[in-house]
Structure formats: C-alpha cells, structure tokens
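Before I ask anything, let me first share the structure, which is written out below as structure tokens.
The letters A, B and C name the chains in turn, as written, and every chain counts its residues from 1.
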C-alpha cells in the first residue's frame, strides 16, 4: 500500500548508508588503525588520538550535563508549581534544544575559549557540548520522573517520609532506567557533533594524546570532516575507516540505550 | 522504635469547627466531633460529602494539594496539628493511613514494611525483623507470607496487598489509623479478613474509617458520623445511628433512598 | 537543632540546588543571546543595511550581502521540508495506524538509528555517494542545494515522525471506533477522522522539523557546494548554494577576531537564533498543553 512505500523510502536509505560505510570501511580497520598514532599528515597510521579525544569529550560532557540536567528535571517534576518561573524554564529548555549547533560553537568560543580563557581545550569543548546536551537530559529525565506513579509519593508521605526521602528512595530509583537512557541518547549526540567543537577544542593533526583538560585534542567527527574535505590525496580507505569507527560508536550507544530501556520496562513493578 | 502508650482520658482526636475549601469551593463546613481512643469511628456519607477529605486532614495529607484553605482546629491528644512548627513527618508516623487501592511500594514484602521505620532512622536489623513479624501478624497476613518475605510485593493477591499496606502503616506503631475505603477493591473473603483485623486492632489503636458500604459501616462502627455536602449531620454510637437515626437525611441515606 | 530541624534544613538545601539547576537553563539562554548580541551588534553599526542585505557575499572585499545566504538557507530548508513532511507524516501514519506489529518493531528502532546518525556522517555519505548520483542525473555538479535538501530531509524525519506519532497516539480510541462504526473503511477512518484530529500535533511536528533543518550545519556544508549565489531561478535548486549555518562554520575559523567580518558572522548567528527561537516557541505552545502533572505539589 502507498503508505508502506513511504516507510520504505525512509528506512531503506538508512540501511544503505550503514551498509556502505561498513563495507567500505571494514578494510581499513586494523589494530594499528584503532590504536596507533597518525603519521604522515594523517595519510597513514591510526586514529587513536581522535578516538580518545571523543571519549574524553563525552565523559566531560557527562560530568557537566548530568548533575544539572537531572537536578533540573527533579525540580520540574517534583517541586515546581505551575507559575511564570516554571514556564520560563520550560521555554528555555525548548529554546536550548533548538539552537543550531554552530551557534553553540560560537558561544563556546566566546565564553569558554576567550572570556574564561580556557583556550582551545577539552574543557571548553566539553562545557560547550554539555550546554547543548542539557535540554535532552532534562527533558528525558523529567519524562522518566513523571512516569513514576504519583501514588508512590503519596504513600511515602503517609509513612512519614519527607519529600526528598520519597524522591531519593523511591522515585529516583524507579526513574533511573529512563534517566540513563536519556543521558545515553544525549551523549550520543554529543559524541557525533562537529560544529560545537570546531572552534573550541578540535585539532587536526595532533599525533599525541592530550595531556590535560586544558589541552587540545583530536575528535572523531571533526577528524572525519577534515580528512574528507580539506586534505587532498587522503586515501579513501582511511576516510571510510574513520566513518566506520564513528558509526560504530554511535550505534553501540544507541543499542545500549534501547536495551536498557526495554529490559527495565519489562521488569517494572507498576 | 519504642512504642509510647498514651493513656488519655479525653478524646484522641478532636475536630473543632473545621471548614475546608478547595479551589474556592467549600468542601467542609463547621464540622465538630471528637474521636474516642481505642475504638472504630466511621465517617459515612454519599460521594462528595467531604468524608474522605476530612480523613486526610487528620494526617495533613491535604498539605500536598495547592489551592486549599483550612479554618478551625484539629487536635491530636490535645495539641493542634496545624500549629506552626509541627513536625509533619512525625505526625504522619503517629497517624497512619491506608488508601482505597492497594498501593504496594516497589520492592519486596519486607522492604514495604520496613520502609517507614527506616525513614524514621531505625537501623537495627533485629528490630526491623521483629517489626516485620509483628505488623504482618496484626494485619492477619503473617501466616500467608512468612515464607515469601523477599518476594516482590506485587506478587501478592489484591487482598493480600491491601493487608500488606495495613501492616506497612502498623509498622510505625501509630496511635491513630485512618482507612479510606480500604476494602473497595477486594473480594468478600479479603474484606472479611480486613474487618476482622479491625476488631483486634482497635484495642491498641484508634481507628477512623470511611467504609466501602453502609453495611460495612454497620458491621464495624463503634461510633458513626454521617456527612452530607460537607456538613456533619449526625454523630452517634453505631448501633443507635443505624437502628434509630434522628435526622431524616440520615435515615434516607441508610435506607438507600439516595446514594 | 533537633533531628527534624536538621532534616528540614537539608531539604531546603537540596530543593535550592535543584531549583538552581532548573533555572540555569534560563540563565544559559539569556547568556547565549546576550553574547551573540554583544558580538553581533557592531556588525549592524559598522555595515550599512544596504550592504548587509545586499546580494553579494564577498567578505574579503567588504561586501557583506547576506541575502544569498539567507535565501540559500530558505531554499535548502524549504525543499527539505517539501520532501520530509509528506514522507514523515505518511510514515508516522503508517507506523501508528496501519503497520502490523512486526513491521513496527523494525521501523521504530530504525528511525531511532537515523536520529542518532551524526550530521558529519551523513554529509560524508552525501558527498562521496549521493552527489555523484545527482551529477549523473544531469546536474552541473553533484554539490547542489538539492543534495543538501535531501540530506536535510532525512535528518528532520525522525523529529517529524516521532512528534507526529505522539499526536496520532493522543487521538482517543473512541474516534477510530466511531469512524469504523459508521461504516468507514480503516483507510477512510485514518485520513478523515484520526489525522484531522491530530492536526495540531502534526503541525507541531512539522515546525520542530523545520527548526531542526534550519539549524543543521555539517551535512549541508559538505554537500551544497558552498557558493554564495542568489538562488533565484528554478535552476538554482540544482546548483551550489550556501546556508547561513555553513557560512559561519566555514569562515569563523579564518576571521580575525574583532574584524567586521567576525561581527557580521555573529550577526548571522543572531538571525539564526531568533529564527529558531520563534519557530520553537510556536511549536512549544502546543506541546505544553499536553503536559501531564506529576509529582506532589
């Protein structure tokens, strides 16, 4: 039927993209590629620093975005009343979610690199990514918290529990799978974004691992961008290989989130 | 947690000229009644009469709702429970509540019972175990679940879950137990078991219950209060209210002319 | 301080912490906007409106006509929407109303996978594999506005599909039952009863997809050819073009801080910020009405 064609048109290209990258990129994957340092202006050798850089950025993003994100979600779900203050927060979240990634890059440049003088650094990049990830974490965490039945809170109160005791002992643990899923999806986005790290942290040819949070680093998305557009003579296999590594990273995060979600949904006690 | 046995000569709970509005609508008007200790007091009336609301005022569960206003006083052992500075958590441990639907907390049977005491700071494993046995016994549930203490609470039947909720409240050794239509979701056998346990419990606790039906009220009430549209119409010893109601409206309700 | 007072104090402390966390979002939005303003306003001061809204973008020659960029964004985005909206709504209807369970189990994860594919990855694919196809189909080059629009469409699809699906989900079962009871076929019920009922939610989905599309950077940058030309003829669709986002990303790294070019790029960022703000604001209004109230207040 007509509609199923639409669905096919949507789904088939996804499979084509994935399949192409896998097929053409597999050839480049080797121990040296994954764990070796780049050589010869990136035309040979491995992409280990880029992998490490991406991992570090994701970790940094997590550290910054999770407390604020989950904390904000707890506020919205458990404490906030329906007033102008709360509405302004929700408006801000929708806004932050919609800001183009390149604008985040500009902001990161101005605020973290220049104004706070962190320089082009992992710190600046992670903080920029964290603000970008914040709305995703807050939204999904709030949804997870709201899905926990109100009754639990009432029961906890009737047994002499304070609001925070109810939250920390019942609501939060029950919402945790949903929160974790949301965090992973947010980090997945952070791992793949290029524009926010363009001006805040990314270095192209840095054949060593970063030495501190104030150091620059290579990162997978930026790396892919540069080797596919700025470097003449870059072997195709390396390009596809890098793409494949990024793809695998993103897909495995996706898979983890999905698995966590479905596992806990089945075990739910409400 | 040391149980404090209070020997009071006077009423356990005193409701004095209580009025309550929600969203500018008057839900309770000028209600005054005294609840004697160690007995079962029943709040009776059609839907919307305010009986459940009044119940929740006694353990301040209504605090969780916005847009409300309370006039009058409610005293527990002679002390105003709405006075500023009152420790609400402690109040709710002294005045426990069981809800209309079984609401087990996520976790095992044991975890459900020990939740309240652990919140209050009880750490001793021995004490907690003793509490589990005692309160399940008081709720007439011990024999049925003693081998299943570590099973999820949701694996119990509806009637067992509700008795678990009663046991959960009893774990805190409250002085007053409020029950809001506790048997409304239960089959007759479970209902009978719950009502039976009330007879035993009242020797130790003061019980206020919004019954599921008039018949249940007649079965369990020592005192019965009839409410209509937020007002207390009649409040008398149970056998008198059901056999010889003084007010016409009470009689109409009891005989089923309106529900 | 007795135990309950101590507990009260720590409760207050915790509540303040989460309140601050919540409010930080407002703080960030304000901060970002103020910073953009601060860096962008000099552009409006130093460059005449005639220049700024002129037709030629040659920053090295002090020609800051942003019109080609704005029109480029509009062209690419609009085309993307024309592709994505019917596709997305149709898919949402299919998944929610018609697809058998096994199909649903495959489709939904796939759409989530699409949502997770990074922009640069799609751009890479588009550059190496899609644009040659476009080229072979007759375009002067493979790097065109249309290529960008195609990629953009696929990037917006997950947003459109999932919000539209939610909207369809929210239509009460009784509507469908009523339609069938009146003798309508499932097809008629879906298109004449359910979809119109979900209309406002579907519009929200489209707006959110639009917001996503306008803000997309890397994929378009890699495939649209990055030529800042005025896209005024139908042919322009199959010629290179440049979006506002690509301009900022491509040129920011090369400008001198404090130069006019630098400030103009921030000015473009302001335009983007305001655009996406307005779009998301409108979309958000209808989203908020569906909020459930949870927790204890």
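Convention: a contact is a pair of C-beta atoms (placed from the backbone, for glycine too) under 8 Å apart; a residue touches a chain by one contact, two chains touch by 3 or more.
Quantities reported herein were computed from a predicted structural model and do not represent experimental measurements.
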| item | value |
| --- | --- |
| Remotest chain, chain C as reference, centres from CA atoms | B |
| Chain occupying the middle, per Cα centroid | A |
| Two chains sharing the most contacts, counting C-beta pairs only | A-C |
| Rounded Å distance between chain A and chain C, as computed from the means of their C-alpha atoms | 17 |
| Chain centre separation in whole Å, for chain C relative to chain B (CA means) | 54 |
| Inter-centroid spacing, chain B versus chain A (mean Cα positions, whole Å) | 49 |
| In chain B, residues with contacts to at least two other chains | 64, 66, 89-90 |
| Multi-chain contact sites of chain C, meaning residues that touch two or more partners | 7, 296-297 |
| Multi-partner residues of chain A (at least 2 other chains) | 81, 154, 157, 162 |
| Complex contact set, residues of chain B against chain A | 59, 61, 64, 66, 89-90, 92-93, 96-97, 99, 101, 103-107, 115-116, 119-120, 152-154, 165, 168-169, 172 |
| Interface residues, chain A side, partner chain B - complex | 81, 151-152, 154-162, 165, 169-170, 173-174, 269-270 |
| Touching residues on chain C, where the partner in the complex is chain A | 7, 10-11, 14-15, 17-26, 28-29, 31-32, 35-36, 39, 86-88, 90-91, 93-95, 98-99, 103, 106-107, 109-114, 116-125, 127-129, 154, 157, 161, 208, 211-212, 214-218, 222, 245, 248-249, 252-253, 257, 265-266, 269, 272-273, 276-277, 279-281, 283-284, 287-288, 292-297 |
| Residues of chain A touching chain C in the complex | 1-4, 6-7, 9-11, 13-15, 17-18, 20-21, 67-69, 71-72, 74-82, 85, 87-107, 109-111, 114, 131, 134-135, 138, 145-148, 150, 153-154, 157, 162-164, 166, 171, 185, 188-189, 191-195, 198-199, 221-222, 224-225, 228-229, 236, 239, 243, 246-247, 250-251, 253-254, 258 |
